[in-house]
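Next come two complexes, and both contain chain A; in the first it sits with chain B, in the second with chain C.
Coming up: the complex of A and B.
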């Protein structure tokens, strides 16, 4: 297995760095952090590390999650491993040497402070090569609109966990689409459905982050 | 009224109450931000809920403290009020029911993930549990209801704190299971069998399931639980799954349908039956008639 395949495996299994105690069968071996440094030292480009290493690992664990073969803990540690690798890649993205697939603004809807689901979506999208602008929880339509304008971005994803706050989505979706021509607004969260998405005129509901990420990769952004 | 531990030993089933959050909302309370804050701002709402479920026939009433751990209250800058929020929640119910019903202190997931998956260290979590549990005990709870468990490790730590801090208080634990092609699992990937075994090993006195599934799924869960576990079981289904109708969230499993499922749960031998999201005093009243009929 070459270095980049090992990196993909570390992301998939959630091996953050050498000292990280998980998974137990990878104890005392290099993790995503060390392998990324090694790859950069050997001349591998940041783009290639992202695409052939991190994205492959996140894609594998994301697919397992969508199939019911992996659960929230596996996604959380995979994202931790990916973030540990991204620390080393950040300067290359900042200098423009490496490029994201596109940008997306995400946040939990106004009135709702739950952010576990939204965070997981953010992690998976980062792992799929997106520049994720995370506005946190309890986000108003105005905040979404400002962030979309500031980042010259047309994609927004809204999350709601509560059956009470999901009702705030309709007005937020309407305001964003009214303010930003050509914008697309997606929704996710435990109580939502395709029917609800249609009803509030959103551009789609996705039951898990992997399905969402796959869909986004089909868009021309 | 005999002590809850004694009551668990006799052969008669126990009816618990239905939903707290969704029912508070139906009564016109704004629970979109920190439902537990209501305990301080409007304890009358708690009286209203307790009265409604008690008169529907519930023998166990739960407190409005699902998110009452200091870790969770910190999100709303209310962690300094942990003691008051939890104590008042119990006292408000006690004022209504006296000793004619048992009170269980609701303890939901803390909202953060334990190491190594998240960043929460086990000791900080245990300390948070200890603070919430001691306030519930001060208020006079009969049992802790560690509920909607998603991560078994979190519930295991909570059970350890409960055993150390208040061994006289009954320990009830119920997980939220979801069905996937390989069976029922928590969202953290704990299988039903593994979950129950861990709860049993850590001294749970009643185990079971709440939330996650409506009545149909819960009957399957109940059968599986009964086949692998000798402890008294608790089942609290949602009233189906939430749907939005004309900007109002509704649960379409009517009280009558819910009661139909209750009969099956009794046949399986479930000890404590109540409701979770979307259930109302009407669901509990209908369940009560089914239980009464079943006893004759």
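Coming up: the complex of A and C.
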């Protein structure tokens, strides 16, 4: 197994760095952080590390999650490993040497403080190469619109957990679409459905982050 | 001679032919705030068969704010919640155990459990003696949720992947407190004790079921054993898709489970649990109960009954009157349950 395959495995399994105690069968071995440094030192490009290492690892664990073979903690440790690697890649993205697949603004809808689902989506999308602008929870339409404009972005994803706050989505979707020509607004969260997405004129409901990520990869951004 | 509400619930839980399906409507603060008159009418026309004693623990000096009000509040464990919507419980913004190695800093509110039980027991037992309803303890241990409140949800979930670095210790500290709390209640005359932990996401369990079996199933078995040793029924609430652990929950000795039936395949749940455990509700509160179409509520009752009802018992007509729901729906659901025979 070469270095980049090892990196993909570390992300998939959630091996953050050498000191991280999980998973037990990878104890005392290098993690995503050390392997990323090594790869950069050997001349591997940041783009290649992202695409052939981090994205492969996150895609594998995301697919397992979507199939019921992995659970939220596995996704979280994988994202932790990916973030440890991304720290080393950040300067390359800032200089323009490495490029994101595109940008997306995410947030939990106004009136709702529940953010774990939204956070997991953000982690998976980062792992899929997206620049994720996370506005947090209790986010108004104005904040979404401002962030989309500031980042020259057309994609937004809204999350809701409560049956009452999901009702706020209709106006927020309408306001974003009215303000940003060509924008696409996606929704996710426990009480939502395809029918609700159609009803409020959103551009799609996704039941899990992997399915959403796969869909986004088909868009021409 | 008609059965009393206590007999109806007891017979339901014991599969000894209650004369009707017991009722247990959970009126959330949202409904009480928005529909006080309707709530009063519903409680008059469809009285609950299950009630809690009015005993409250002594006030904790660290409790601050109102639990269901907009703003911040702090509970007896020191966890601070932020709430932006009246009528529901808020979210922990900053967990008090930021590093799991600091688990020893947890301070369970043992001071709330009376050392001198004579007075409290007299009050609680008088309450039980003066009602013909089924009385359930006014306490609700929640070891996993408490763990999340103390650590924050994301940290808590990650901790489950490596429990040997403090998570087991923190779980034990929480569990020890809840056992003590249950030990207080099982010595009273209440009919049942109960606890809760939300274990399901929308489509699957939150954590790997094998990890759950290792870390949490034994705790629940302790609670069930304690209840059985003191001739109490024991009931549990758990939200989300919990099919994978449903058989385990029956195995540990629960008498009733309150779960989100409509997140799961009800026919599959029937295969796992019908005749072995009582299905303590519910009706779908994500899609059906907030609907303006009361027929959907009636159809949902018929769906639950067709899979789970048996004249010998095993079903309680429980549902929430909560967020986004109209009083007409609560009435329709209760009326429909009244037709199930």
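Keep this in mind: the second predicted complex is superposed on the first by the 221 of 221 C-alpha atoms of A that agree within 3 Å, B and C clash if a C-alpha of one lies under 4 Å from a C-alpha of the other, contacts with A are read in each partner's own complex, and residues count from 1 in each chain.
The criterion applied here is as follows: a contact is a pair of C-beta atoms (placed from the backbone, for glycine too) under 8 Å apart; a residue touches a chain by one contact, two chains touch by 3 or more.
All values reported here derive from a predicted model rather than from experimental measurement.
> Quick check on the chain A-based superposition: chain B and chain C, clash or fit?
Clash.
> Touch test for A:207: chain B only (first), chain C only (second), both, or neither?
A:207 sits against chain C, while chain B stays out of touch.
> Which partner chains sit in contact with A:74 here, chain B, chain C, both or neither? Use first/second/both/neither.
both
> Looking at the overlay, does A:199 come into contact with chain B only (first), chain C only (second), both, or neither?
Only chain B is touched by A:199; chain C is not.
> For A:87, decide between first (touching chain B), second (touching chain C), both and neither.
neither
> After lining up the shared chain so the two structures overlap, which partner does A:219 touch, if you call chain B first and chain C second: first, second, both or neither?
In the superposition, A:219 contacts neither chain B nor chain C.
> Would you tell me the residues on chain A in contact with chain B in one complex that are also in contact with chain C in the other?
21-22, 68, 71-74, 76-77, 80, 111-114, 116, 162-165, 167, 191, 193
> For a test of understanding, state which residues of chain C touch chain A in their complex under the given definition.
So the residues of chain C in touch with chain A come to 82-85, 88, 90-91, 153-154, 157-158, 160-162, 164-165, 201-208, 211, 285-287, 290, 323-324.
> In the complex formed with chain B, which residues of chain A make contact?
20-22, 68, 70-74, 76-77, 80, 111-114, 116, 162-167, 170, 191, 193, 195-196, 199
> Would you tell me which residues of chain A are touching chain C in their complex?
Chain A residues touching chain C: 14, 21-23, 68, 71-74, 76-77, 80, 111-116, 119, 138, 162-165, 167, 190-191, 193, 207-208.
> For the complex, which residues does chain B have touching chain A?
Those residues of chain B that touch chain A are 22, 25, 31-33, 75-76, 111, 113, 116-118, 150-151, 180-182, 185-189, 242-244, 247-249, 277.
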